């Protein structure tokens, strides 16, 4: 019941904040958002899952309640967490609180609605990462989009309307494609499943029980559904060439929202890819190994190159997210313990690091009212703490050892080199590693231009150190990143436990 | 005895006359009259086939049809009256406040 | 069917007699054209305005009421016809009378409402007119 | 629970309908006591209580299994049938009426003829509830007219407003023609079968012999009559005008309750009187007819809605589009398929639609009450002044578009899903594509309210309590129908399955 | 009612239209056309047509004769008697030949067609009025076998035929292009509407007793002895059974035919002559004729429904019928001289608030009484 309680508390909190007066909505939201953190940490402490929830493992805190029956298919309320879900739950709760706190300084309009929507989004994100019934999962998945749409559209920058609509349209069309693909699979399974339970479907699909549908043979159906679902999730991740909504959304969104967007929402895409495409249709995934790996490498390189060409700090971080997500895909397609596990770990690590980066950019923007690399210089003089954390975060991005990013990328590369899905995988891995060099290039370049040198921004207002409410979350995040970098086993153990079972399938890995 | 098909033909003819009136007339009152023709075409059928089948269902129903036709006219004329007050005419094509 | 032949015959005669009289008259009567004779009668004055004057809305209200009640009589008539024979064949009052009482009761509610809202109130003065029939936003 | 038939006399099965009708009479009597004074509270209260009472009784019957366990209850020689379908739609109609009555309290403030308004609404509701219970084509026609005639007057209720009058005129013109068409269709079916009772028609139509052509024309004409009531092609012309011009609570009433009742009667007539097994081999392929109508209706409604600048008109066209979705319940039928499930899903969609669409139109009523304006631009930044109401409207819009966290998603999903199960995957596909398109114009409203900057200050005045309450009830209903969809769809499907039995 | 509507009936086509009608074809009486065709030795459709035409001609001429007597002569004499004058007495015995003189005079007058009249309607209106009144007589049993037809729907047909007159009045008023005419037409409509329902509903209360619409049956039903007082058997005329309905019916009938005190459609002192203002010559004669036949039709209806039709002691049926019709005519002329005309608003109030309520009360009470007694 703990998962239900967690989601319900967050929902209630969001409603309470929505109705609270603007003056103390931010404080109330931060205070209330501690409850999910406590809950998720409690879950972590009592975590006893074994194996992967979808491949016959035993998830923790599992609940199944029959919801409704529709033409022979039962829809259940089925939730539970395994080693993949729990780290993301913890990430979500922690990052939401930090984002809420960091918003205190910058959000001064319709605050109760802002914080209410943040908490509402958190509740649905928790649902996404815990749901084990497709229908429940899909409801939460779509429900995440609504608050995001408003958060970008209402509190965003000058082109917020364009960005919000673009985000909404892209992700909804993607959802439709994914939905149709998945439902086609379920229909194709025929009588072998009687519910939309994800473990049951995954089991049936992995056991090869897919039949033909409307005369389409099983093999074609499987490939088409895989592609449809992959496209649907790829938009969310995002992967080149479906990434164009991301920079717009990030640039226009207020920094706390960017934190959530990069930190958690992008992980929904990779999480879903892992849960659906790579867990349920592993054979098909390995058949498509080359194109997928190719797309992953292109995302890495092309995203990094685009970042190199940007002047806006937020855009730089946004494109570097595209690049980082390429690594995750590469790890997933590797189909090794380290590859998939590292990808999962990288989701957490990137969530924290990109959150840190967006937050510190936001702090600087709140002070200087600009994000242009060319406008700023010598920020380290005026905002030493923020600048320091920014530098630390950037090094985390570059994969500096002892930071979480290093652990994630290292695992991925290790797993990808070991991969046997295709002979060319080492080649792709090597190409992807080249991306790190570009990342280092543009981050160092940006830091050098903005943080060091003499301060030359001419403003009619004081540019000084940021308030505690802005720097404290940064510090917390930095500490977390370092802790995870030093001791990746905090999460990696349970991730490995959950990942291993899904690598055992009848397909040909050679 | 008049063969029952003739009634059917008569009813269809009356119905078509009414339909023709609806399609060609712009005056709301003529429109109403055309609708009455169409309803009475139904009545012809009902009464004729009531006799043909030897039950009174059709006849009784035709009474209801008449009652409803009358009520419809009552409401219709009321609407036409307010139409006249607002548009100074009973031409149905004049009311074009909204896009059709 | 011969009944209706006879009735139709009376209809023919009923039309024929007036037409016959018209024909006879047309043969007999003179026709003296003279200016001013064909002016419509308005108490000897020169007619003003159109003859199709706007008339009181009350006429329409009455017509509406009539349509309602007249049509209801269509539904009452079959009932009156079978009422007694149904009773003789053993129908109870609850079966044969109560539905009609309900029907008439609903009619009466309508009549009472129309009455109270001035549908059957003829115009008395412009002020009363405004109060009763122009009661709107 | 003991079956109700044992506890109450048989005639009590129509109690919900009778309650609605009685409320109308009580309203007239209340007004007759002193016609010159208006008592908004008393009138709105009586109307709301009456519809709630009908809702309660119908809901109780539905739960108690009246007319469902042990077969339908037939009254008056079978001309009125009380079963799951009729009770289900009575619930839909009476809940919509309750919301509309509640909302009209504020909308009608300072207007005259309030008692007339409420009693016309209740009379129309009586007709709609009776439509759902019609067991004979005679009852079908009478109840359909009983529902239509007050509606004509209600649409033209604002008689000094040219838009309202024009709407009333167009609604009336199309309605009069289609009722004449329906009557003629009924007369043709009677000519072929010699009966108006649905069950007798069903048993006699198979032996139409030479008259099969006449029967076919009759069936098509009856379908046309229902198309008017449900605002489907080809009798949909009235819908945009009537919904735009009518007082907004009436738009809500017509587009939700009236449409639901139209479908109720269409479901029953076509499922019972024209059994697919019997008439399709004769060449009267009405499922195909409805399939074509469904595709055309939903496509036309959605595309037209996408081009509108006026919010109310956009909703009006979207209502046409939703009629297209609901038509799937009549289209995706086949001789052997899971017909009850498809039709039941359509019924459930209509229930959910009743809440979300009523809510949306009542929000428009609130906007009209505030005198803000009618286009998308006029809604800009409305959320800064009325966040709670705008939140509710957002729920309605996204639910209408079929986004997951709301009732509209599940009902659309169930509908398309059952259509696919019935083998009509192309209908579901057209529906899904249209649904995706609809998101575009629904989100425009949301975008205007929340994201655009207000062009000027809003002077909203006092809070209209009744309207607010009604909108909130609709919003909560839309949300609750997501978790509570299970029993709803099960009830609907078992009711629909009973029709085909 | 339910039984009527819902009985599914036999679903096999009988092929013979209204079998029940045929069963009672001709009713209990032999109709005039049958007598005539029988006398001529004709049969079949030809016999029906010839008999029908001859019978119709006979009936119409009886009515024309009565009207000729009543209009130019009796009316003047009666009015004169009320005002203690002499009236026509120069031409013929009792001035009876004034009928001929008046007929010639009116027929040979110039017909003036005013400016702007709506021609077809203006010409048709004078035909419709007498037509409607004459048509009503088709089902009236005039006694002594003088009944043209006896359909099942007899009395309803009579009401329907009589109502066509309203159409003629409206056509006349509307087509005349005259404000007085229009007002007169509208008044006549308002009046007819207001009193039509009490009239019909009161008739319905009588039909509860008779249980049939067939005029001959209604008449037959009234022959039973109601009560015997001092050896004289009082027949069960509905005027005796339900005097309240009788009074209502007579009053409503007065209004229906537009006689005093309900003659406001013409109301010479208010709107000149109402709908007939612009009519002259033979057109005027036709209006006049129509009105008088209407009076007699009203009397005939009263006689059939309440006074036992042609029944009566000693004298032949036809004579009794004529006596009853003339009695009603006398009553209208008496009212014309004795009762002041009501105002239009009084008329409407009496109609809608008085007569309608009373007639419904009468119907309900009659139904309850019949039900309780039965």
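Before moving on, here are some points about what is shown:
Note that the chains are named A, B, C, D and E in the order they appear, and that numbering of residues resets to 1 at the start of each chain.
The definition used in the following text is that a residue touches a chain if its C-beta (ideal position, glycine included) is under 8 Å from a C-beta of that chain, and two chains touch if they have at least 3 such contacts.
This is a predicted model, so every value here is computed, not measured.
Comparing the CA-atom centres of all chains against that of chain A, the greatest distance is found for E. Note on interfaces B-D and A-D: more C-beta pairs are in contact across B-D. At the centre of the protein atoms shown, by the Cα-centroid criterion, sits D. Chain centres here are Cα means. That of chain A falls 79 Å from that of chain C. Distance between chain C and chain D, defined via averaged C-alpha coordinates, is recorded as 38 Å. For the pair chain A and chain B, the distance between mean C-alpha positions equals 66 Å.
Between the Cα centres of chain B and chain E there is a gap of 30 Å. For chain A, residues touching at least two other chains: there are none.
In chain D, the residues that touch at least two other chains are 138, 159-160, 194-195. The set of chain B residues that touch two or more partner chains comprises 52-53, 55, 57, 60-61, 64, 71, 78. Contact residues on chain C toward chain B in their complex (touch as defined above): 60, 64, 67-68, 70-72, 74-75, 78.
Note for the complex: chain C touches chain E at residues 2-15, 17-19, 21-22, 24-26, 28-32, 37-43, 51-53, 55, 58-59, 62-63, 65-66, 69-70, 73, 75-85, 87-88, 93, 96-97, 99-101, 104, 107-108, 111, 115, 120-124.
Taken together, the chain A residues at the contact with chain D in this complex read 18, 67-72, 75, 110, 113, 124, 138-143, 145-146, 149-150, 153-154, 160-161, 164-165, 168-169, 172-173, 176, 180, 183, 187, 214. The part of chain C that touches chain D in the complex is made up of residues 106, 109-110, 112-113, 115-118, 131, 135-137.
Those residues of chain D lying in contact with chain C across their complex are 25, 28-29, 31-33, 35-36, 110-113, 158-160.
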